[in-house]
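Scrolling down, you'll hit the structures one after another.
Same chain, two partners: chain A is paired with chain B first, then with chain C.
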Partner chain A sequence: MTGALFRRWLKLDANHRFLLLTAPVVMFLLAFFVVPLLSILIVSLWRTESYQLIIDWNLDNYAAVLTEPSYRTFMLRSLTSALIVSVVCVALAWPIAYFVIRYGGRYKLLLVLGLAVPFLTGIVLRVIALQGVLGPIGLLNLGLMQLGLQPVQSLMFTKTATVVGLIYLFLPFVTTAIYLSLLNFDFKLLDAAKVFGAGNIRAFWEVTWPLNWVGTVIGFALTFVPCLAESVTPRFLGGADGTLYGMAMGSQFSATGTWALGAAMGVVLFVVAGLTLFAISRLVDIKRSGFTGAGSRD
Partner chain B sequence: MYLELTNLKKTFGSFTAVANVNLSIDKTEFVSLLGPSGSGKSTLLRLIAGLEQPTEGRIIVDGKDVTRLPPYQRGIAMVFQDFLLFPHMTVRENLAFPLRMLKMPAAEQAERIDWVSRILSLTELQQRYPNQLSGGQQQRVALGRGLVSRPKVLLLDEPLANLDRELRRDMEIEIRRYQIELGIPFIYVTHNQEEALSMSDRIAVVNKGGIEDFADKSTIYSQPKTSFIAQFVGRSNMFAGPVVSIPTGARAIAWQDLLIPLHATGKLADHTIASAYIKIEDTLIERDDGTPAPDKIRGRLRDVIFRGQYAEYLVRMPNGAEIVASGIDSATRVSPGDNVLISWDPQKLDLFPGEVRQ
Partner chain C sequence: MSKTLHKTLLGCITLLAFVFLYVPIVHITLASFSKDIVWPYPIRFTTAAYAKLFEGTIYHDALWNSLLLGLGTALLSTTLATLAVLSVLKYRSRWKGLVLFLFVAPLFVADVLLGISTLILNGLFLEIPGNLLSAILANTVRAFTYALLIIATQLYRYNWKLDDAAMVFGAGPVRTFLEITLPGIWPALLGAFIVTFILSFNNLDISFYTLGAVPTMPSVAWGSLRFGIKPELYAIAALVNGAVLLCLLAMFILMKSGRVGFGYKAGRDD
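Coming up: the complex of A and B.
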């Protein structure tokens, strides 16, 4: 039986073999990526009326998303907070990952895995826990008062609270990306840099930073893109004027029942995220990334 | 002297990597630090480069005490064993790196890069990245990066260890040539005695963090100062055992059940332990035609290892021990299984008191 199958396999030409071998991944992409995306695209061109989808091809939803000031505000707010969150995450993750790699010794792996421990409790609990920290009589204010300082009045239910929450949620991803990059970095290169005239800081910017740039960019993108669509964190922490784009999009599918408009918002988000990824990828010159095999030996 | 190390010491916790090293090196010298792995020779090099701080002692380069200076203020360059080229920079950018750090004007930088590219034949490779180069090409770039800033001293840490044999021999000659042209000291760390012997003016034999001897390479080879050097440099037969008087009035070492006559016993008293070494090329072999030869050792030729220009003869003694002799194959005319006689000039025997050190 298997012999017969094998004989038939041998008779296939290269093109047919390629089709057969890539079939699983193609099926997966079709079922979970192309079909949902197409259906979103189609729905976005229909309209909804009193919780009913009506097939009526039009571009009104896009006109609404692109022209209505509130959606534009939400999008800008989302872009800004995603940018702040990603930059702060990278800035925090670098020293964390760097010191763990250099001085973590045999506890390296344990320390990095420790960053993932909060994940075990789920995102809602983690965000609600932050309410306990940032709230009017939360841990932060209690601590400040203990030190005889003025409590911060307006921290909870602000955009700042959302940003703090998002940083808290995404820091482990960025740290892991940079950690893995540093793990493959040959620190002996710093010896070479120093012997050839660079001080510690110069050696970092000349050698360590560019050779871990790809890892840094990946960490940045891993934060930036999901932050754009984030809806749970702003809902719990953001307050009345803290609505983000992802949150507004979510409510089209629940509270207001305007699925077609929500679908259009989803398509716009997809395009914005795609453009962002494209822009980010332009920041990487793979030849200068230090990856071996980037160029061919001839 | 141009480069002076005074009582240099480096400890890592309770481990002493470098112990009280004193070395004076002249401006035009090629010096090798020769020693087995773990002997501390690389640590010594890193101390000179400033990549490690000495626990005690001083380092003086060209009249200036650099002991407490960071590496980038010492004007010393280094060629690393695994090259350590910057993978994100082209060959040209790698060569420009030391010059950029010196804030050299661009025109002068270009001049230097052209010069070093010319002498190392790197001109064609300037736009390539290190991962597009062969091992030998990477080696030349690493050497170029070391020479381009015209350092006060060039340190080389086993730079040829990753190259194949053919390439290594060519590079040995080249490296020596650059040292003479530039007129700066090269300090070359290696565990390969052939490299050390072919390139150096002087050799410092390093063992257990200390210098066993620092001398002219021919002295190191033919007049080993310690039993460690006798074992480590060149290839020798070793005879170790108690010193005894023999009927002729001279002394000998009782080795296995043979007596190895000694030429000059010095202060060695009877019954003390001593070891004697004879280089394999000074060990002579001839066919045993049955005539009495009281001062020669009888054995049977077990095998001949052909090495090209010469051959090695593995001779088994009646007691089971083995002696190696080497010679030009065509001149010897013995074949495995033959009974042979082994002899040497007793004056060429190097004698050391005490237990055998490994």
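Coming up: the complex of A and C.
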């Protein structure tokens, strides 16, 4: 029976094989990703009145999201903090991933798994624990006082605390992405560049960095998108004027019950995240990144 | 810059990052043994939290549901992602651009949005109450992208000539996959499985909107916040971390003695 199937498979061209193999995945994503998103789009064009959705096609929700000054502030605040967090994470993740790859020796896997262990503790608990670490009589300040130093007074409930918390949550993602990219990088290329007279820094910027650019952008995106919508961290670390867009959006579905407005906020968030990542991915030069798949193999 | 200086500098950054990542975990463990868990220092030792943990059934249910959610999501998303990556990298098609766009699209959608959109579809249009299955499916959408990226970065430079060679020598596609492709790519699949398991096990944003009344570990943690965090939750976290760190320690000992390499081969991977 497999023989007959195999013969039929051989008769198909690459295009049909591709469509046949990807069909289950495409179907899954259509049913559980695209259809829910379409339903959010529909609801965003409706209206909510005293906790009831009313079918009344209009664009008022979008007008509210785009013109209301507070939403604009939240969005700008979220964008800046997400950008800061992603850039800092990439800058920190590179040396870590590089160290593990070059000097990790037989313990590479162990070191990478070590990065993932904190994830086994849920986000709520870890953010609360960060309060206990950064707070006025937390671990950090107690440690500083033990050393005879001045405690840091105003670390909690600031935008800095939110950014530190977000870096804490997302550093392992970026490190793993860059590590996986470096794992497939042939360091002989670096030696070759040096043989031909490139210095350490030049060899890094002209060989290692461009060839691991895809992994870096992926790590960046894995941080940027969730940070943009993050609602737990600012709630516990950010204080009174630390409200971010994700928090404001979440409350439309719980506290205020204005689902239609929340749905419109969601659509705006989707568009902003997509546009930012599109702008960044334009910087990728696919030919310089050493792609070998899809028929370009020779 | 000399090689030792380079190594020391990178090593220091790595060490600091690990300290940064583990300080809250240490805090949770210390606090779980303390009478006051909010400001536990100096520690007044007690094991009350652990005693209570073995009485309460809500935590057993939550842990069990989280495990089911994590395993279901990891299995489903790794399978789908493997299929997706293999077909995208192997075959040319004029539909590839569009299909690839659909595969990567969940990356642009935040967890909260996935959860809310599933809630709107299920609750408003289909009138299905929250349940574990829809939470698994919604989590799989998110986990699929992570699995896709992990597997894709590993297979990006995979040598497809090996597969062609196997086919030339008469192996069918299934046999080629099992005997040539799979042995080459299993670390990527295992990595994707572990990462998607951990992420969905503790997912709050998606699960919050799709689970309804089914308790999981993060939703119990979230729910208990209203009355202040429960010491039992710290105790569970400390136990889970302890167990995993013991596993890593066992791995370390096996690796140090050179008995098991876990994929490492001296000379090849140095």
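Assorted remarks:
The rule is simple: the second predicted complex is superposed on the first by the 268 of 298 C-alpha atoms of A that agree within 3 Å, B and C clash if a C-alpha of one lies under 4 Å from a C-alpha of the other, contacts with A are read in each partner's own complex, and residues count from 1 in each chain.
Definition applied: a contact is a pair of C-beta atoms (placed from the backbone, for glycine too) under 8 Å apart; a residue touches a chain by one contact, two chains touch by 3 or more.
Keep in mind that this is a model prediction, so the values were computed, not measured.
Shared-chain residue A:Ala192: touches chain B; no touch with chain C. Applying the stated contact rule after C-alpha superposition, one finds that A:Arg202 touches chain B and leaves chain C untouched.
Counted by residues of chain A touched, the larger count belongs to C, out of chain B and chain C. Of the two partner chains, chain C is the only one that A:Arg106 touches; chain B does not reach it.
290, 292-295, 297 are the residues of chain A that lie in the contact sets of both chain B and chain C, per the superposition on chain A. Of all residues in chain C, those touching chain A in their complex are 1, 6-7, 9-11, 13-14, 17-18, 20-28, 31, 38-41, 80, 83-84, 86-96, 99, 102-103, 105-114, 116-121, 124-125, 137-138, 140-141, 144, 146, 149-150, 153-161, 172-174, 191, 194-195, 198-199, 201-202, 204-205, 209, 217-218, 221-222, 225, 229, 233-234, 237, 240-241, 244-245, 248, 251-252, 255, 261-264, 266, 269-270. Of all the residues in chain B, the ones that touch chain A in their complex are 49-51, 70-72, 76-78, 80, 82, 84-89, 97-98, 101-102, 128-129, 131-134, 145, 149.
On chain A, the positions that touch chain B within their shared complex are 186, 188-189, 191-199, 202, 206-207, 210-211, 287-290, 292-298.
Within the complex formed with chain C, the residues of chain A that make contact are 2-3, 6, 9, 14-15, 17-19, 21-22, 24-26, 28-30, 32-37, 39-40, 43, 53, 92, 95-96, 98-100, 102-103, 105-111, 113-126, 128-130, 132-133, 135, 137-140, 142, 168, 171-172, 175-177, 180-181, 183-184, 200, 214-215, 218, 221-222, 225-226, 228-229, 231-232, 246, 249-250, 253, 259, 262-263, 266, 269-270, 273-274, 277, 290-295, 297.
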